[in-house]
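A short worksheet on the structure shown next.
As written, the chains take the letters A, B, C and D, and residue 1 is the first residue of each chain.
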Amino acid sequence: MSWSREEIAQRAAQELKDGFYVNLGIGIPTLVANYIPENVQVTLESENGMLGMGPFPYPDQVDPDLINAGKQTITELPQSSYFSSADSFAMIRGGHINLAILGAMQVAQNGDLANWMIPGKMIKGMGGAMDLVAGVNKVVVIMDHVAKDGTPKLLKACDLPLTGSGVTDLLITNLAVFDFQNELPLLTELAPGVDLEEIKEKTEAEFTVCPKLKRHLHVQ
Amino acid sequence: MSWSREEIAQRAAQELKDGFYVNLGIGIPTLVANYIPENVQVTLESENGMLGMGPFPYPDQVDPDLINAGKQTITELPQSSYFSSADSFAMIRGGHINLAILGAMQVAQNGDLANWMIPGKMIKGMGGAMDLVAGVNKVVVIMDHVAKDGTPKLLKACDLPLTGSGVTDLLITNLAVFDFQNELPLLTELAPGVDLEEIKEKTEAEFTVCPKLKRHLHVQ
Amino acid sequence: MKKLKKNAANALEGVLFDGMTIMAGGFGLCGIPENLIVALRDSGVKDITVISNNCGIDDFGLGILLQTRQIKKMLSSYVGENKTFEKQYMSGELELEFNPQGTLAERCRAGGAGIAAFYTKTGVGTIIAEGKEHKEFNGETYVMETGLVADLSLVKAWKADDEGNLVYRKTARNFNPVMATAGKVTIAEVEEHVSLGDFDPDHIHTPGIYVSSFIVGTDYKKPVEILTTREYVA
Amino acid sequence: MKKLKKNAANALEGVLFDGMTIMAGGFGLCGIPENLIVALRDSGVKDITVISNNCGIDDFGLGILLQTRQIKKMLSSYVGENKTFEKQYMSGELELEFNPQGTLAERCRAGGAGIAAFYTKTGVGTIIAEGKEHKEFNGETYVMETGLVADLSLVKAWKADDEGNLVYRKTARNFNPVMATAGKVTIAEVEEHVSLGDFDPDHIHTPGIYVSSFIVGTDYKKPVEILTTREYVA
């Protein structure tokens, strides 16, 4: 067993604190918005130039001038504001965003993150990811624990081109949670039905195990 | 005889071309706004954050939130826009202002300009002057030809702290006009009743004399 | 000094040359100068370097300039939406310089603001920073990035007045205001031309000083790349 | 997470400490945080470094903090309006670092935007550039200036909504928006508190993310430094 996409999103949502300004990447990170804890108010930033991102529009509300960084149609809220790309990344680079949640292809034990390029194969570009990981206070990375072919994605060192060096603060996979505050990743939580042996088997990186390791049945 | 303050302003106004964006310094440069040639439309910029500066307000229009860089009360025009100090100097530093007209204490033959400090005597500060002389396309300097004690102000080298190095493009004094496009200042115009001898006597700087030297009776 | 031009072809007259560098505003297909891009294609200008966050999609936006092979080089942060792009790049027909999105925006701002270069943490330790100058500030490493200036900037705004003052709408603002400052010549296209005095001077996003000329665009398509909606719940 | 505080003293509670660095918005006496400056004086905080374009006049604005000798050092571009300033500086009581106005504004912007340093032509060849790093770009010499961050930024806006979004009025905008971005804590004072949704999101000058808290100021004096008017012509 392991965490579903929804459960990963739900686990990531626990990182949100009241009053936070948050940037959510494309994919599973977008789902995090559905699991914001009660009594916690967060403001979502979209790096194409908006603070206070609202939900998807009703069909008759769609506005081509109002999209998020994933190019999806969205809505505004009473507290929303718009600004230029330069002002948006001034905000990001300047450390004003409290939390970013984004996907990854590889994470290394020193916190290196790769999520933008597979040489010779995929050339989409880094978009705003390099700015986000360099500038945002806390970077939460979400990914499957292993690649489709079963090879580990939490590595001793990334072999793909980096998005940022030593930038990962917290890693949430479908199997476990790792904290990157110390020299080596610290395994702090296991998904239901996952044991330490499975993690060791599916992880290339060295890591330490938290004495208070939590074994979850379900993400709350 | 020599040019009056008004005549100097009038002569400086001849440098204004249609469509120019212009910054006018404090003192005589401010008077230039009264002599903008017909058929020439210029937009006045105020470095505290305004384009399209209007005339002084009528007494019942005075607004403390609307001042120019000289802290004088002013008015807005239908084409006016406001912006921050950072955006204002981005505009100035980025070379978007066509012309600046400002006063000086000393000008050197290489175009050096000093207008902000007399060590041990006057510590007001440079305000926006250093940014203006470094960033504006054409810098027109206005000053009395000699100091109150009769000593020359157009010098071989400034002894006061500089505002900018080699930044003067045109110098208009109460006696003459010098062009700074070449190695040495080129004397191009003389005020009514002023002859070359007088200029030589009252100028420390080396300069060349334009073959087409103009002797004015009046500024038009 | 009339800034309003009749149409896009008219506005581009006399400013184009082969090998030039052009900035184009927009994020994805949002807030792109649709009319000016078409006129650019029709002009036949070639070997251009385009600075733009994206390169449109295969058959819309800047993508149409790839189809005609008018683009020699792109500076972008993301081109994932365009297959023609990928093909021409892989075959070596097209040069590409990836810039992190925030670095790209800041480079444009710097170019327009007379800032020759700046130090950012973005990209340090990645291939983006390779060969660039590094410097330590307060114990952290920064990489130097230079300002960008274009021969021509093409921007899309919502409204313009006679002075060329521009106002943008929602997230269609994006790169347009910074690119407007970084063109030796800047041409804007807008949906609406308003009278002088219609704008509140406190609400103007791009002062007219940055706008050489502008046109009122026609037939705006504004395609939506990813339509996402929610259901009305009864 | 309520950002609106009861009054200036309330807003400053817990954020002040001796020796701290404070940015204060305003140009001359235009757009200065009148209420917060008075509360700063009344707090008795001392040895502060103040970053502000000017230092008020002798008995108004930041000038009142010179009278009480709470300011150890000033970073400014122009202090000509203040005689107390001149006296304290000449006697060595007060440190002073002059910054060209545009460099000062850009340093604040850089600090808020995560730019450690930038290269400008402003000041090259003057005493301002002495001892600073120089670099050539395209055959021209630039000087490196560093970003500025403050422990606290005090800004004055016209209106704020509950989120702390700010809107400024006319030339009272000046340094306030950039300084709002460069404070570890930023406190705003406004003339009017409006409801969420009253602002058009396209018209907001400072997004609430930059505003830690705000107050509605009282008894605004807004003195005019140089009253210049013209006559009605019949």
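Here is the rule we use: contacts are C-beta pairs under 8 Å (C-beta built on N, C-alpha and C of every residue); 3 or more make two chains touch, one makes a residue touch a chain.
Here the structure is a predicted model, which is why all the values come from computation and not from measurement.
When the interfaces A-D and A-C are ranked by C-beta pairs in contact, the top one is A-C. Averaging C-alpha coordinates per chain and comparing to chain C, the farthest chain turns out to be B.
Averaging C-alpha coordinates per chain places the centre of chain C 33 Å away from that of chain D. Computed centre separation for the pair chain A/chain D is 36 angstrom, with centres defined by C-alpha atoms.
Measuring from the averaged C-alpha position of chain B to that of chain D gives a distance of 28 Å. Taken residue by residue, chain D touches two or more other chains at 106, 109, 113-115, 120-121, 168-170, 173, 201-202, 205, whereas all remaining positions touch fewer. In chain B, the residues that touch at least two other chains are 76, 82-83, 89-90, 92-93, 134-135.
Applying the touch definition to all chain combinations yields A-C, A-D, B-C, B-D, C-D. The part of chain A that touches chain D in the complex is made up of residues 18-19, 21, 41, 43, 45, 51-52, 76, 78-83, 89-97, 134-135. Those residues of chain C lying in contact with chain D across their complex are 106, 110, 113-121, 135, 137-138, 140, 142, 146, 167-170, 173, 200-203, 205.
The touching residues of chain C, counted against chain A in their complex, run 27-31, 53, 76-81, 86, 89-90, 96, 98, 100-106, 108-109, 120-128, 158, 168-178, 205, 222-232. Looking at the complex, you find that chain C touches chain B at residues 1, 109, 111-115, 161-163, 165, 181, 196-197, 199, 201-202, 204, 207-210. Within the complex formed with chain D, the residues of chain B that make contact are 46-50, 55-59, 61-74, 76, 82-86, 88-90, 92-93, 112, 123-131, 134-135, 161-166.
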